[in-house]
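Common to both upcoming complexes is chain A, partnered first by chain B, then by chain C.
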Partner chain A sequence: MNARFLDHENLQLRNSFLHKIWPGFKLSLLFSFSSFLFFINRLEITSLSLLLILALYHFTGIPLRYPYEKIRSLFLIFSFIFIFQLFSSDIWTSLIVILRFTDLLLFSELITLTTSVSQMMETLNRFFKILKPFGFQPKKISLTLSLTLRFLPVLKQITYEVSESQKARGLEGNLLTLVIPLIIRTMKMTDNIAEAIEVRCYN
Partner chain B sequence: MNENHITLQDVSVAFNTHTVLHNLNLSLNERRIAVIGANGSGKSTFIRLLNGLVIPNKGKVTVDGLDTKTHGKRLRRKTGFVFQNSDNQIIMPTVEEDIAFGLKNLGIDKEEIEQRIQKTLREYGLLSLRQQVAHLLSGGQKQLLAICSVLVMEPDIIILDEPTTQLDLSNQIRIRKIIHQLKQRVIMTSHDFSLIERFERVLVLHQGRVICDTGPSAAIAFYKKLMT
Partner chain C sequence: MAIKDLVSIALLAATIAALGFLPPVPIGIIPVPITAQTLGVLLAGALLGAKRGFYAVAIFWILIAAGLPLLPGGHGGFSVFYGPTGGYIVGFGFGAWLTGLFYSKFYTSLTPLKEISCLIVGSIGIHIPGVLWLSYAAHISIYHAILGDLVFIPGDSIKIAITFFIARLIRKTLHIKY
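Moving on, here comes the complex of A and B:
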């Protein structure tokens, strides 16, 4: 199985029972589950939740290697949190904290994998419309979220390009030489994006 | 009111103390107009004047009778703009959302948006990529999407900023063909002589001034001589 197969976007194009569930329900479920996890302090429940989530991955047709890779990429951070927790509490509480993070991460990943961006935007738009009397501007929030989703991979690519060109100049390892060109290129890009939004008649 | 006519009267543009365009006086009514010139000659600023993205410091630009200074919004409905870097022009995360973005801003109803998306994507061979995430598209597909997102809004004039610059040969040929087949009036900057040679009028910009205004063959020959 190659890396491309495990791309978030490629997995998102699949069609399982979870893909077919109403996105509003899935997002509410995610919200409820996150809140539920916050109040649960029992190892058997957090472990059982993890098993359930992995089962959902399996039934959705997403290879279990995908959640495994996700957790592996965060192994260092999780280890840090675990050690930090050990100082302030016991080993079981530390385990519960890590499992809680893992559950939350994998479940939210599963929801985003099975809900297209447009569905998510539409649902959030509806939600923010309810909040309009409180000063929320659904259109603006929706555009901001869309732009974030659209340009995160572009920023990642720019970071890679800048890092490569600095490496070619023998400047690897210096954070400033990466950050400054990155900020300049990003600012230039935001000007172009603002123009692109304007020419497409955004009011 | 001058319909189907673009005029620049005594137009100058300066950024801070640097003057980018000097006293341009032009009347543009051809259906295919190209602007060529070296990097930094003012080509991009020139075409940005035509839809009000850049407002002249001096003089007046009118497009089909609309002053760019006072009718920016109306002008942008009339003119579609394709940027040089399609990556920055694609605003929405997926192909269909990006095509729909401009249409939603125009206040078009859902049913018509759907019809127009289908029609445009089918016409330009992007239907199979409808739900594709934009950053996974190839360079040629991104440029095609950028053009589609503009065409779907049905503007009267299409302005393109070096549309074939970042493309490989096969995509250059594809985009050239599409540009030649456009029903709208086209104003374009380019370094692609194969694309320009079928245009009606070519302006050569040099240090912010139009130094040659003629047909494509004469303009290309003049420009080549200027650059060597």
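Moving on, here comes the complex of A and C:
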């Protein structure tokens, strides 16, 4: 999984025309493309857009094994849906359904691969700022987001410590004895962290 | 929202993410392995209540949408919302909200039976958007989508049992108020 993540990082830092487009524009493109695809039930349009997306992958310099692996991980569900549609309606409907899923998955994956996580966060943050009149509090959202990102390695450390000490007691492989101490230790951290933030005069 | 609420939301969101890293447990006959992620979702509802539980899932959504590989198997990015199982990820929020709603409603008179039914309602809440999205996006009738959804039942009942034990123990140890 780590290797996969590092690969993503490499791809996200490349330079192509898709990397340079403003992420907000890419996201709105994704939403309009998806709503367009869901209203249109024609095989030639879905297959044409698949070709277009694969061409975009090629021009961005992303090796085609990425879309291939994305589809392969969902192969079981896809074949299940395909066979089901084959029996309940005709082959054209099943092809359209599968191709539409493939289009949407590959296009959204392309956007993820050409936008770095920090860029995407920034765009989402800007989006929340626009939604401020509707009760969104962008500052609190971004504080919570960064706290969550900070807590991930902390939780990993706690999980490691708990699982090591349970191993010493001969309790390895038991989900309950791992999760209960993990959650209790995490919840007990709440007050300390909140105090630490308040002491530094946040707000 | 006070800082303490924000911190507890962040901690539970991180817990949901961390439970996704636990390796999926395959169970015998059924092709769907059990992942611990929905366990975290139910826990967020049970420990934080409706509003904060939903916010914890919302933070998790934002992190996924930003492209972090936090779902089981290292999946992430906008594409997971468009896949056939995207509805279940949207259902995480609804499930956490429902669990929290019922927990806070019966807070003063929680018996084990009531607690288990809260969790069952919550995990049905996870499945409703999942089934609706699957039937809409894949052109399957709702009836057949529900039929396909039944493969999750054994895994979900195990998860509900585990969540019940955890939530009960933790509520007693930490004196949680909603």
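Simple rule for what comes next: the second predicted complex is superposed on the first by the 130 of 203 C-alpha atoms of A that agree within 3 Å, B and C clash if a C-alpha of one lies under 4 Å from a C-alpha of the other, contacts with A are read in each partner's own complex, and residues count from 1 in each chain.
Keep this in mind: a residue touches a chain if its C-beta (ideal position, glycine included) is under 8 Å from a C-beta of that chain, and two chains touch if they have at least 3 such contacts.
Only a predicted model underlies this, so the values are computations on that prediction, with no experimental measurement involved.
Asks: Using the touch definition from the top, say if A:V179 reaches chain B (first), chain C (second), both or neither.
Replies: A:V179 contacts chain C only, not chain B.
Asks: Which partner chains sit in contact with A:A168 here, chain B, chain C, both or neither? Use first/second/both/neither.
Replies: neither
Asks: Is A:R200 touching the first partner chain B, the second partner chain C, both, or neither of them?
Replies: So A:R200 only meets chain B here.
Asks: Among the partners chain B and chain C, which is in contact with a greater number of residues of chain A?
Replies: C
Asks: Given the touch rule stated above, what does A:L51 touch, chain B (first), chain C (second), both, or neither?
Replies: The answer is neither, since A:L51 touches no partner chain.
Asks: For A:L149, is the partner it touches chain B (first), chain C (second), both, or none of the two (neither)?
Replies: A:L149 sits against chain B and chain C alike.
Asks: Which parts of chain A are touched by chain B and by chain C alike?
Replies: On chain A, the overlap between the chain B and chain C contacts is residues 12, 116-117, 121, 147, 149, 154, 189, 193, 197-198, 202-203.
Asks: Using the touch definition from the top, list the residues of chain A that touch chain C in their complex.
Replies: 1, 4-5, 8, 12, 27, 30, 34, 38, 70, 73-74, 76-78, 80-81, 84-85, 88-89, 93, 97, 100-101, 104-106, 108-109, 111-113, 115-117, 120-121, 124, 137, 140-141, 143-145, 147-149, 151-152, 154-156, 159, 175-176, 179-180, 182-184, 186-191, 193-194, 197-198, 202-203
Asks: Can you check the complex and tell me which residues of chain A touch chain B?
Replies: 7, 9, 12-13, 116-118, 121, 146-147, 149-150, 153-154, 157, 189, 192-193, 195-203
Asks: Quick one: in the complex, what on chain C touches chain A?
Replies: 1-4, 6-11, 13-15, 17-19, 21-22, 31, 36, 39, 43, 47, 55, 59-60, 62-63, 65-69, 73-79, 81-85, 137-141, 144, 148, 162, 165-166, 169-170, 173-174
Asks: Quick check: in the complex, which residue numbers of chain B touch chain A?
Replies: On the chain B side, the touching residues are 51, 53, 73, 76-77, 79-81, 83, 85, 87-94, 96-97, 101-102, 105-106, 131-136, 149-150, 153.
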